[in-house]
Structures are given as C-alpha cells and as structure tokens.
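Two complexes come next, and they have one chain in common, chain A, joined by chain B in the first and chain C in the second.
Right after this comes the complex of A and B.
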C-alpha cells in the first residue's frame, strides 16, 4: 500500500533552514530521514517545498480567475515537504511518520494514496 | 460559591477515582465478569458523584460511595437491558448503603492484571488493556503512546473486553499456584509500559513521559501484590533505576557518562538496590533481576567514574540466556566495545540480524567506527541513527556528534 507522509512545519522550523547556527542540524535531520526511508526500501518519491511566503494560490470561478499571493489558508503550520512510501499497512506508515523531524516540532499527517481506477 | 463547591467536589471525586480506579474496576469485574460493564458503571458513579457531592458535600468515604453507586449503576444497566426502562440512582440510598460497607474490600487487582494477559487477548493489546483497566487511561492517551489511531485503539480495547467476556475470564484473585505460571507475561506488559515512558526524553514528549509514572505505579502494584515472588521485585528495581535518572535528562538527551549523577534520585537508586538484594535472597534469579543488576552496575559506575565492565559482561551473558533480545544484544556489544575494542564490537554488531531499522544499533556502530578512526563510516552510521529516531532531543544530540565528526574528517 502507498501512503503519503505530509510534513507540516512551523514558521520557526522554516526559519531554521536559513539560520547558520541551526541549518546544519535541521538539514541533517531531513536528509538522514530521506536516506533512511530509501535504505529501508520503502521510499517511492518525495520533495521538499520552499517556505509558504513563496506560494501563489489560484482559483478559477465563473466570474473569472483570481490569483492571490501566499498560501491557501492562514494556519500555524505549513506543508514543508512530503514523502510517498510503500509499506504493508497503516501502522507501519505511522511508525515511519513518527521518525520525521516534523513530528517532534509540528505535525506529520499520514494518508493512504488514492488508487487511480484503470 | 456554587462554582467553588463544584470544583472542590469534582477534585475530590477525581482524586478518589484516581486512587481507587483499579481497585473499584477489579472488584466490580470480579463480580460481573464484565470489564466493559464495570468501567461503564464506574463512569456512571462518577457522574452521579459530580451531581451529588457539590450539593450534599463530599462523603466521608468517597471510595465506598463510588463503589455503592457503581454497583447500583451496574444493576440498573442490567434492568434497563431487561425492561428498557431508565432508572435514576437513588442518592439517599447510596449514602446509606455506603455507610454500611466494610472498611476494607478484597483487593482483586492482581486478578485484573492477570485477566489482561488472558490468552484470548493478542499480545499487542495486553499492555494497552492493562493501562486502561487498572489506571483508567483513555484510549486517546494510550493510542498516542502506542502510535495507533485513537479510533483503532478504542476498537481494539472494546474487542479485547468483549473477548474476555466471551471467554468467561475470571477477574478474582488467582490462587497461589496460578500466579507463577502467568507472572512473566504480566511483567512483560508492565515493562512495555515502562519502556514507552523511558524511551521518551523528559520534556520532549509529555504524553510518553507521563506514562513513565504510570508504569512505575503498575510495577509497585505488582511487587506489592506478589510479595512471595522474586522477579516482580527485580522489575520494580529496574523501573526505579531508570526513573532515578530522569532529573539529569530534563529537556535534552545525555548519554549516561555525560549525566550529572548529583541530579539522580538517590533514594530511588537505594530502594532499587535494596529490592534487588531482597529478591536475590529468595534464590530465584531471573531476567528482570538481571536487567536491574545491569542498570545498578551502570549507575554505580557513573557515580564512581569507573564502570565494572567485566561484571557487565557476565550479566549480559546471563541475560542473553534468560531473555534474548535485539536491545540486549546491542547493549552487550557496547560492553564488548569497552572490554575488547572496536573490531570485536563491530563483528558482534554484524552478527545481529534484522538490525537495520534499529536506531541503537547504528549509534553504537558509529561509536565503534569513531574509536578506530573511521570518520566517514562514523558519519554514515550517525546519519542512519538520526533517520531512525523519533525523539527530537536524541536527534539533536546525534546531529551534534555528526557535526563534530564532519569537522574532524
């Protein structure tokens, strides 16, 4: 079964990426996590995202398109990246999600991947 | 004023329930052989207490009151099931009956603990069931500790209670000759609760750190209920040794050799060693006494600044015979590293199968590689350890070691 591990981070986490005193430990945590998923043979795909300030949100409506700077909603935690993994069951997926650095600082959401018909 | 009285009554009720939860559930279940029914009846009694105590005052013996109310609620539930007619508890009658109750009830908690490891219950649910039945922890809290969704944990616990009822499990105090054969599994389940608590670094995961206190309560209870047995004393000594070190690890992870032993709880350590001596005098050595003895040697070593590695090697050899486990084998390899050096430790680690997702295996490997000057190998092993840890404080400690290793290489 495939699951997506959605890694949410706080503004403080995003700030660590560029803080010289903390960036080393921050990136070490994430690259070690990704490498471990790969070595365990569960990694399918994944990507890190630039901070929410770089986001632009698009909506199309009958009245026309709207384009808005910033993420789609004002929230305290933003998606910082995601992984798709292949594991036998939900419990194993939760076990891997708990090891994501975001689980300790903010939150990590696990969702089964929708199997596309056909 | 009413608000303050309500708060006081609520606090009194919660105190009474917390102190007596397991005793009351055990006693109710021993009569009805229905664990879920006993828990429901006790919640009903608590609701009645919160209704009545602010107006009538907290009774002299809150526990007796709750017991009486719970028995009546259980009776009403049976009546409701039969006649579909709801009946309110009669609060005056409860007070009268509670006064007539004996001061001491039989303690059926040992029976409750044994029922939780009934063969009809799968192993993974035994510890959660114990935490709920004896301590009254909610499915949500237990789910957090076991990393299972709350809904799934709730279903699992409900199923377990239904199975116990179908299997006709007895909740009453086991006969003396029934205790020894089932004790190892009960101790295993208590240790599982303790392990969840102490793997968490204090301050970094409040949910799991709280569980450490609950596990100590369970270990105390078990040792108390089985005074003739040696191993429960060993289990309690083990839990005490680990708990004693908590104050030195507040907010961050520290290896044993880096901890300020002055911050350790020395009363707990003394008590653990006394328990171990008592257990030893009974002449029945076992796995839990062995693990407690290992922790005792480590504590003494850290306090003296000189660890008795040969003693640890002997104890680990005994432990691998009594109870082989991956954790124990990695710990034994750590002793090998001290006594025989990195090559011997590395070949001990290589001999362990199924270790590639076990964080301590990688952390020890990193240490062994560092001692033989292999900085690149150390860094790679540290990365794997970092990728496998769930704990922010341990991750930060390992990342700091990785930064050091990268600087030197």
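Right after this comes the complex of A and C.
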C-alpha cells in the first residue's frame, strides 16, 4: 500500500533552513531520513517545499479568479515537504513517519494514497 | 522493438537539439511546483460515490491530468484519504476545506503554475495552494 507522509514544520523549523549555524544539521537530518527510506526500499517519491510565505492560493469562482498570496490556512505548522512510501500496512507507515525529523519538532501526518478508479 | 520511421527519427533529433539548446542557454527554464488540493467534505464524499456524481468528480480530475500529461508538465501526485488514517471516522469540521491530494508539476514560472492550478476542479469548489518545490534531501 502507498502512504503519504506529510511533514509539518513550525516557523522555527523553516528558519533553521537559512540559519548558517543550524542549516547543516537541519538538512543532514532530512537527508539521512530520505536515505533511510531509500535504503529500506520503501521510498516512492517526495519533495520539499519552500516556506509558506512563498505560497500562492488560487480559487476560481463564477465571479472570477482570485489569486491570494500566502498559504491556504493560517495555522501554526505548515507543510514543509512530503514523502510517498510503499509499505505493507498502516502500522509500518506510522513507524516510518515517527522517524521523520518533523515528528520531533512539529508533527507528521500519515495518509493512505487512494487507488484511482478506472 | 519497433524501429521509428525516418521522419520520426528526424523529429526526435530536432527535439533533442532543441532540448540541448534549451539546457545550454543558462538559467533553468522550468521549476517544480506542488499544487496542494484543498476540497470541501461534500466534494471529497463524491470520491466514494458509485453513481454519476462520482463519475463526474473523477472524470474532471482525469481530464486535467490528461491535459497536464499532454503538456509534458506532470511530475507526480496522489489523491489521499482526506483525514489522517489514524483518525478515519473522525468528523471533519463542517465547511472546512481539507487537503485531499497533490500534484507535482514542472512549468516555466509561478504564473504558469497558477494557470494550471486555476483549472483544477478544486479551484472551483475549494482552494489550490501553490508551493515551490525544492529538491528534497536524500533523493
């Protein structure tokens, strides 16, 4: 089964990316995590995301299109990246999610990927 | 293996040449963006609808996906169960939009990404958040 591991981060986490004193350890943590998933043969795909300040939200309504700067929701933790993994069951996916650096500093969400009909 | 016809080979060569020129011309011409698809619970419920409404829901996404694939911009994506699996059955706040899936596309710039986002079915019923992707470490 495929699961998506959604890695949420705090503003402090995002700030670590650009702080010369912390960026090395920050990226090393994610790099090690990605490598571990790959070595275990569970990695399917993934991407990191630029901080939420760079987000743009689009809505199309009968009155026209709105393009709003900023993320969709005002929340304390924002999606910082995700991994899609292939594992036998939810428990295993949860174990992998727990190892993500975001689980220690913010939160990590596990979602089954839906099979597309047809 | 089927051998390509001569005119196809020439087409391929022209394409490869154009690609090589594009790659050699300096700054990256394409950027990856992640489209985070937020939908209302009523829309998400259509996924499990075995009737016409469910067919229409999936057909709209299939059409968008085909168009994106034909344009050569599709890099990935997945529809997800709209609540964390550990919370399946938990009530979703009425009216709240929920992250239901994502697409990864590669286009020239943010404005082009916004054009594609606006064409997603969720842009009409919910909201599509566009985030620049970075090369994820360890991949």
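Methods note: the second predicted complex is superposed on the first by the 118 of 118 C-alpha atoms of A that agree within 3 Å, B and C clash if a C-alpha of one lies under 4 Å from a C-alpha of the other, contacts with A are read in each partner's own complex, and residues count from 1 in each chain.
FYI, contacts are C-beta pairs under 8 Å (C-beta built on N, C-alpha and C of every residue); 3 or more make two chains touch, one makes a residue touch a chain.
Fair warning: this is a prediction, and the values are worked out from it, not measured in the lab.
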| item | value |
| --- | --- |
| Chain C versus chain B on the shared chain A, clash or fit after superposition | fit |
| Touching partner for A:75 - first (chain B), second (chain C), both, neither | neither |
| First (chain B), second (chain C), both or neither touched by A:53 | neither |
| Vertex chain A angle, Cα centres of chain C and chain B, expressed to the nearest 10 degrees | 140 |
| Partner chain in contact with A:104 - chain B first, chain C second, else both or neither | first |
| Partner chain in contact with A:33 - chain B first, chain C second, else both or neither | both |
| Chain touching more of chain A, residue-wise (chain B, chain C) | C |
| Touching partner for A:1 - first (chain B), second (chain C), both, neither | neither |
| Which superposed partner A:94 touches (first chain B, second chain C, both, neither) | both |
| Partner chain in contact with A:23 - chain B first, chain C second, else both or neither | neither |
| Nearest-approach distance, in Å, of chain C Cα atoms to those of chain B in the combined model | 5 |
| Doubly contacted residues of chain A, that is, touched by chain B and again by chain C | 31-37, 90, 94 |
| Of all residues in chain B, those that touch chain A in their complex | 147-149, 152, 204-205, 356-357, 383-392, 395-396, 399-400, 402-403 |
| Of all residues in chain A, those that touch chain C in their complex | 2-4, 6, 27, 30-38, 43, 45-50, 52, 54-61, 65, 67, 71-73, 79, 81-84, 90, 93-94, 109-114, 116-118 |
| Sites on chain C touched by chain A in the complex | 32, 34, 36, 38, 47, 58, 62, 76, 78-86, 97, 99, 101-102, 104, 110, 114, 117-119, 123-124, 126-139 |
| Residue ranges of chain A touching chain B (in the complex, touch as defined) | 24-25, 28-29, 31-37, 39-40, 90-91, 94-95, 98-99, 101, 103-105 |
